[in-house]
Amino acid sequence: MTAESDLFVHPQGLCESDEVGPGTRIWAFAHVMKGAVVGRDCNISDHVFIETGARIGDRVTIKNQVMVWRGVEIGDDVFVGPGACFMNDAYPRSPRMALPAVAARYSDETRWLLRTRVETGATLGAGCLVLPAVRIGAYAMIAAGAVLTRDVPAHALVAGVPARRVGLVCRCGARLVAIRGAVRLCPRCDEKYDERAGG
Amino acid sequence: MTAESDLFVHPQGLCESDEVGPGTRIWAFAHVMKGAVVGRDCNISDHVFIETGARIGDRVTIKNQVMVWRGVEIGDDVFVGPGACFMNDAYPRSPRMALPAVAARYSDETRWLLRTRVETGATLGAGCLVLPAVRIGAYAMIAAGAVLTRDVPAHALVAGVPARRVGLVCRCGARLVAIRGAVRLCPRCDEKYDERAGG
Amino acid sequence: MTAESDLFVHPQGLCESDEVGPGTRIWAFAHVMKGAVVGRDCNISDHVFIETGARIGDRVTIKNQVMVWRGVEIGDDVFVGPGACFMNDAYPRSPRMALPAVAARYSDETRWLLRTRVETGATLGAGCLVLPAVRIGAYAMIAAGAVLTRDVPAHALVAGVPARRVGLVCRCGARLVAIRGAVRLCPRCDEKYDERAGG
């Protein structure tokens, strides 16, 4: 998957993975761990952290300081805004504490690891928090600062703490306007959507 | 503007701009990009990111992990708390996706770039989020974790998600107390304010 | 306290303190300042910042990007989630501004520095914000994105903006279930708690 000649890593960036696609750029103080998978033509901004076991598709934009953990899978064409944060453990404790129940839990990944999936073309706004095991549908848009506690349908615009649906967006990101019944129109690119068809 | 003899850059910091004023200190793992303008006697803390096109005044304190994008202008004497985050795009998508409407939008900065302005002496609390195109008035104070969706008047104290006005503060940062009619007093430095005069 | 042979610092990490315990690991782009105290067998993740005057116990897990300031004391066995942020100043202004009241305030640490304490075994969720002078009780659990404005009792689960109590958790992190009167049971490790006894 890697064409090293075509992969750019900033002199102050750190790429330990050999599964990063061609055309991808990794910027200063970013850290891509061994075993992390990143597709082609991505932009991995300053101070980003991508953990072993994370999977990221093609043409993805990961803005500054985003942390992508083991168990998080990000589809193609996704935008993850600055400071957005994923999680993979619903009730974390310090694995170092001397408590048998905690030691047992962290001795086996299947007991604590929850998986999160972001579908094609979605946008995660700045500083949003994605609780573990949430699924974000294709082309959904998460407002800045939203705390996601439930799955988000395709094309939904969600906002707030906890996040609730406040509208619908086009593939291009513009808000859809209602024209008749369940039919929605994108004012920017004239694409039509039928809400009953689920996007 | 730059007096290199007088500018401190930590050995692990990265300063590519030649428009940083004397007396300014840039700390470890911070990154000031080429073309970013930073005034004199500022403190740019660890893990801060200042993008090409950002403008920062004199005597500004930028705490750890703050990200200042192109289109953001920060006046003199401002305090930006740790992890506070600006934005410059209201409906972002990954510019790399193969969708003509998205490609067109990102081919021309005037179609997506929104400008944010922070006036003299304001304080942005830890982890607050500033939606694009917001203007923060002089000496305003934004509470930790607030999400700013609207302009903030001078001297206002705002808090919450979305942020609402909950009080007024003095230039020194202390909360003003009502003494009579629209007259407010600072209990720390005895300065008087008339709310009708707008600060 | 330090056994340098036993302390791991990543080649891209920065440890200036000589008060870090054996078995502790400090990862890439993390910065532990001179005079910061960190116990033994801790994990200090990427992009963490620990300031002079901060104190951290043993077996503590500090996830990525956490900032621990002077005045913050963290007990043993604590888990601090990614992007969680402490504070130590209730009404900050840029100390560099030319205003006598501000200069006087920052000339003397006792005028502005507030102290925060996290007790043994507590968990701070991802992206939570801890206002200055808050005390977090032993084994308490703070939900992701919570904004803590008040003290949190031992074993309490708190969530929201501002954070409110929504349940109780066991030392192991599982939510307690009510069985009779004030008696609570941990479904994972069968430990019993009497709420009247305060944990």
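Think of it as A, B and C in the order they're written, each chain with its own count starting at 1.
The definition used in the following text is that a contact is a pair of C-beta atoms (placed from the backbone, for glycine too) under 8 Å apart; a residue touches a chain by one contact, two chains touch by 3 or more.
Predicted model only: the values in this text are computed from it and were never measured.
Participant: Note the rotational component of the Cα superposition from chain A to chain B, reported as an angle of 0 to 180 degrees in steps of 5.
Facilitator: To bring chain A onto chain B, one rotates by 120 degrees.
Participant: Under the over-half criterion for shared residue numbers, do copies chain A and chain C use the same patch or different patches to meet?
Facilitator: Different: fewer than half of the residue numbers at the chain A-chain C interface appear in both copies.
Participant: Measure off the straight-line distance from the CA centroid of chain A to the CA centroid of chain C, and report it in whole Å.
Facilitator: Whole-Å distance between the two chain centres: 26.
Participant: What parts of chain A, by residue number, touch at least two of the other chains?
Facilitator: 29, 47, 65, 83, 127, 161
Participant: What residues on chain C touch chain A, complex-wise?
Facilitator: Residue positions touching the partner: 12, 28-29, 41-43, 46-47, 59-61, 64-65, 76-79, 81-83, 121, 123, 125-127, 141, 144-145, 160-161, 169-175, 188-189.
Participant: What residues of chain C sit close enough to touch chain B in their complex?
Facilitator: 14, 29, 31, 47, 49, 65, 67, 83, 85, 87, 91-102, 105, 127, 129, 131, 147, 161
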